[in-house]
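Structures for review follow.
Heads up, the next two complexes both have chain A, just with different partners, chain B and then chain C.
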Partner chain A sequence: MPAEFWYGVEVLLNGLMAGVMYSLVALGFVLIFKASGIFNYAQGVMALFAAQTLVGIQTGLVPFSHMINAMFGTKIHHFGWNVPTFAAILLTIGVMVLFAIIVEKLILKHLVNQEPIILFMATIGLAYFLEGFGDLMWGAEIKKLDVGIPQGGNVWVEESTAFLGGDDFYGFYLDTLDIYATVIAIVLVASLVLFSQYTKTGRALRAVADDHQAALSVGISLRTIWVIVWSIAGFVALVAGVMWGAKSGVQFSLSLIALKALPVLMLGGFTSIPGAIIGGLIIGVGEKMFEFLIGAPFLGGATENWFAYMLALIFLIFRPQGLFGEKIIERV
Partner chain B sequence: MIYREVGDFKTTYRDDGQTFPIHFDRMRYYVVLLVAFCVVPFIVNDYWTNAVLLPFLIYAIAAIGLNILTGYCGQVSLGTGGFMAVGAYACYKLMTSFPDLNIFFCVLLSGAITALVGMLFGLPSLRIKGFYLAVATLAAQFFLVWMFNKVSWFYNYSASGQINAPERTLLGYKITGAETSAPVTYLFCLVLVVILAIIARNLTRGHLGRSWMAIRDMDIAAEIIGVNPLKAKLTAFGISSFYIGVAGALLFSVYLGAVEVGEVFGIQKSFLVLFMIIIGGLGSIFGSFAGAAFMVLLPVLLKNVLVGMLGWPTDIATHLEFAIVGLLIVVFLILEPHGLAQLWRIIKEKLRLWPFPH
Partner chain C sequence: MKMKTFTAIALAVTMAAPPAFADLVFPSLSYRTGPYAANGIPFADGYEDYFKLINARDGGIGGEMVKVIECETGYNTEKGVECYESTKGEGALVYQPLSTGITYQLIPKSAADGIPLHTMGYGRTSAANGKVFNTVFNYPANYWNGASAVVNHLLEINDGDIKGKTLALVYHNSAYGKEPIRTREELSKKHGFELTLLPVDHPGQEQKSQWLQIRREKPDYVTMWGWGVMNATAIQEAANIRYPMENFIGVWWSGSENDVKPVGDKADGYKALNFHGVGDDYPLYDDLKKYVYDEGNATGAGDQKGTVLYNRGMYAAMLAVEAAKKAQEIHGVSDITPQQMRDGMEALEITEDLMTELGMPGFGPSFKVSCENHGGPGLASVNQWDAKAGQWKQITDYSESDMDVIGALIEEDSAAYAKESNVEEACS
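Let's turn to the complex of A and B:
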């Protein structure tokens, strides 16, 4: 086998791992969409906010310190302590649950029965607010997130696969962080699926997704379910934020992963958890292979920004409900 | 007392079908036009034109365009930034390829080119609906911005990747390039805004506008009563893109003068125009103006108050602005989903009854 082939396989593997990350973000969307019919654009900013909060708590930053300094001329920035990673993660989960409760109380409650597109625009507003709020609270500079996962190429994988190719092939180069992220994402996805299939709350979630009114009539509290769903989405956002944040620093571009997850959703269908996973894998592999085979050699590179959208767009023309979405039935 | 249709007798069909059926409304409209054309040009200075008036006029055109598509035809688009970029680059290519072509026609032609591109990206709307379409228009946004970045033909192989507006004149006055005077650029944009707004207003009152609204309210029902969805959706995409293209061309040539595509026409611009029509009011021409004014004035106001008066650093003011804009969007959607235009309508209803409450 020529070395190019094995490089192709390496690209494929990297694509698969990127795809798992996309699935993870897309999963947050699907959960909220199924439970409340809301297409939550703020998911990406939630990931950014969760990562910012984690770093802030970990390193003992004073919230709103920049603003306080600007208003009163003080010079505070740190409390001067470091919180252990595990405790910081627990506190951040607490913050995300609080956020879910606030969103439900202040926004969702008032927008019941509005058109889906109005709700969508409300989440765009929410995304703007959270972006500004997060920056005000923790500062906008790029922060380093360290949760104890090693980074850099994985030597073990590289050495144990070097025999596959000839002399000019040195084994697959895979980032250790990506491998960890993939494993964590797989565990998270599996546990979410088990949660929604085998627990009482999970059953209630699916009931609400199926039919709001029927679920209400058998005594399921819609508002509690919404808080739970937004909390879970906040937790998923935290995991996604930690993974991407550890990789490239906690900064604004983190919130753009939401834009990466959108075509995944279109491809997989907004209502399907398996769809989000398989869609994520297709997009991850597709965009890396396209960049490797066509984008970089012929089109000048950086095709990853739009390839996923174009793929989803062309795909949707033939199957408007996505890969696994429920068939769209319209009545007059 | 003054805001009444009583006593204003319509004796011809022409009178009956006019844009502003109430006498007071008509007078107000003429006064606004009179002030805009005859008073404002003599009192503006560079700061006001550049910070407030030009962006307001240009974004008003873009907002009218998006309102035609989203407010009247119900097709949510997040590709506004990309279409504005098409207008800007079309204008640049026209200006540099045909130096003798009048700037006025350059702007209109770049609108027409954008309309074609918009119709192309509108084709999927016949199969895809709702969210799926909103996300599909993002494909246009990302693809177009990428294309203008990568294909150097669009920026005439310049090393910086920027496009710079060459100097063009109209009736002897400099419109684009360096050293333009504030009243001239203002009047140039104003003329375009007024023409386009009148056309938009009449389009939406006519046969085409009604078919758009039928598609918006329920596309299947509209199809059954004989509205051609292909024609309605594609005309909406085409005309909306024409407006957005003109706005992009003006933003580049008259207002900014030099443009780097990823910075100016990124996805933030799509959201900005979308926010304008949400705050202003979906499905209202007046709302497009109100929303544009609001979204242009708010940052200026915040900046003046926070940075100028309180002495805060600019970046914190920007973050606060983000938070406030986001909050306002949510508040508007909860309290008044039909935007500023609806508030205006309520005021008018109250005025008709005033001073008697019933």
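Let's turn to the complex of A and C:
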């Protein structure tokens, strides 16, 4: 096989890896939409906030130090300690749970039985608030995130596949971070599926997702379920924030990764966890292969963003509920 | 009847009299929020701190205190125009939009209002032709100088011959990012190198396809025209594919600490252009410490001093102050108008002696502005990141760009603008 063929395979593999990264973001949307019918516009900002909090705790940053210094003329920035990564992750999860409780108490509780569009608007407000709050709490500078996951081309994969395509082929390039992200995503999805199938809380989540009224009538607390589901979405946001933040630093643009999740959701459906995964993989592979085969050689490149949406739109025409979404049949 | 007459006279007097301003007003169109905040903050801090120093140490400019009005643009063009409109009535003397998009929108407004723009190292490159762009200045260097300076550096390290070499340009897929393409294409014809264009969509967090292509094609050099997260991501991807960092060169908007620090040690050796000094080893910083920092008056968190973009903001403020002084000298008044400020900018001359006197010896190149040339000499240096020391090192002197190629392009583009906007080329 010529080198060009193997480079095509390389692009396909990298597309799959990129798809996993998109799926990680899409998962958060699916979880909340499934349980509460809310399209959570703030999911991308939650990923940014979670990553900012993790770096802040890990490196011993004093929260709101800029504000404190401006108000009291002090010059404090660091506590002077570093928190081990695992402990920092646990503390960040705690912060995201606290965030979920606050969101439920201050926003969702007051919007029970409101139209989905109102809940959606509330999450837009939440996104902008959290964006500013995160910067105020941890500062707007770009932060390096190091959770011990190695990054860079995997030398073993590269060397062991270099023989495939002759002298012009340098072996497959696979980023070690992406490989880790894939494994983590598999574990995460498996855990979520097991949780929702085999635990009491998981079954309650599914009951609420199926029918709020019926779930309430059998004694399931809607408010508790909302806190749980926002906490899980916060955890998923943390995982996505860590993976993306490790690639490009923790900075504002991390919140824009939500844009990559939209075509995935359109394709996979808003209510299906496997849909988010399969949708992510199709988008990842589709956009990377299109760029490799058509975009870069014939269209001047940078086709990935619009191609992802175009692919999703084509799917929408034939299957509006997405690949795995539930078909909504409304009868009079 | 008497009352009506009195009211009419009062109204006429009020409208005819120029507004009385107590201070020299320098608006700061900053962005401390949004995707580019990490870069907007140090520039805004440096810009304002220099004016604070001028007030505290010198009692203002020519006896007139300086007032900085900060307006948040979020790097958003619409907000930038709003900031301009809301602050110009305060007596604004010069605007630094710090965004090419905002600059393009402000160019016609600036011409109509007579308020100068200073777009240092960005904006519309052909504004260097002052005969067409009477109120726009882009000294000491512009985009096309940058595009050429990189090629000149490659010529220098290849004994003057880059024929047959391959050069990739990774650029932000926007009006800003596309600026160097025409110049590079012309230079490619002139020097015989092969140019590959690799656009990256906003915000630039994802560049896997571009870097897989670079890995496949192995260009001799990769150059970058990025901003914000795109820069750090590109440097990280270059490190991931083990591309030699010393062969990777960014423009001056891809060469701040924010671009290399997130990558860590692997960013070591990455190069970027600059048109001013780096670090805080200048006597000026002693004055800043004494009159600004130690007084608790540092702008923002006060943690940006010596960074590339802080220095750039400070340099922009210094050039504004010197132009204001020149305007006062030309017109013999201390309370200058925006039009007089424009005259000062057009007559600005920066010499080595002046830089030394200002406590910034060697910080920037010497240059003289004229009506024909609002862009200055287009000198640029090359910096290299030393990851171990955690600082940029200036590795070349300020050197000239290819004005034969750039001058012709400036003439062509400014003539096209003059035609479409019905501007008559002239020196006032």
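Operating definition for what follows: the second predicted complex is superposed on the first by the 329 of 332 C-alpha atoms of A that agree within 3 Å, B and C clash if a C-alpha of one lies under 4 Å from a C-alpha of the other, contacts with A are read in each partner's own complex, and residues count from 1 in each chain.
Assume contacts are C-beta pairs under 8 Å (C-beta built on N, C-alpha and C of every residue); 3 or more make two chains touch, one makes a residue touch a chain.
Fair warning: this is a prediction, and the values are worked out from it, not measured in the lab.
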Joint occupancy of chain A by chain B and chain C, clash or fit: clash
First, second, both or neither for A:249, with chain B first and chain C second: second
Partner chain in contact with A:291 - chain B first, chain C second, else both or neither: second
Which of chain B and chain C A:309 touches, first, second, both or neither: first
Touched partner set for A:140, first chain B, second chain C, both or neither: both
Touching partner for A:114 - first (chain B), second (chain C), both, neither: first
Which of chain B and chain C A:132 touches, first, second, both or neither: both
Part of chain B, among the options 236-244, 254-262 or 272-280, whose backbone runs into chain C after overlay: 254-262
Residues of chain A at both interfaces, chain B in one complex, chain C in the other: 66, 70, 131-132, 135, 140, 300-302, 305
Complex contact set, residues of chain A against chain C: 7, 10-11, 14, 18, 65-66, 69-70, 73, 75, 77, 131-132, 135, 139-144, 146, 151-153, 170, 173, 175, 244, 247-249, 251-254, 256-257, 260, 288, 291-292, 295-296, 300-302, 304-305
Chain A - residues contacting chain B, complex: 39, 66-67, 70-71, 107, 110-111, 114, 116-118, 120-122, 124-133, 135-136, 140, 259, 262-263, 265-266, 270, 299-303, 305-306, 309-310, 312-313, 316-317, 320, 322, 328, 330-332
Of all residues in chain B, those that touch chain A in their complex: 76, 124, 127-132, 134-136, 138-139, 142-143, 145-146, 149-150, 218, 220-221, 224, 267, 271, 274-275, 278, 310-313, 315-316, 319-330, 333-334, 337
Sites on chain C touched by chain A in the complex: 32-38, 41, 173, 197-201, 203-206, 208-210, 212-213, 215-216, 228-229, 232-233, 236, 239-242, 258, 261-264, 266, 296, 300-303
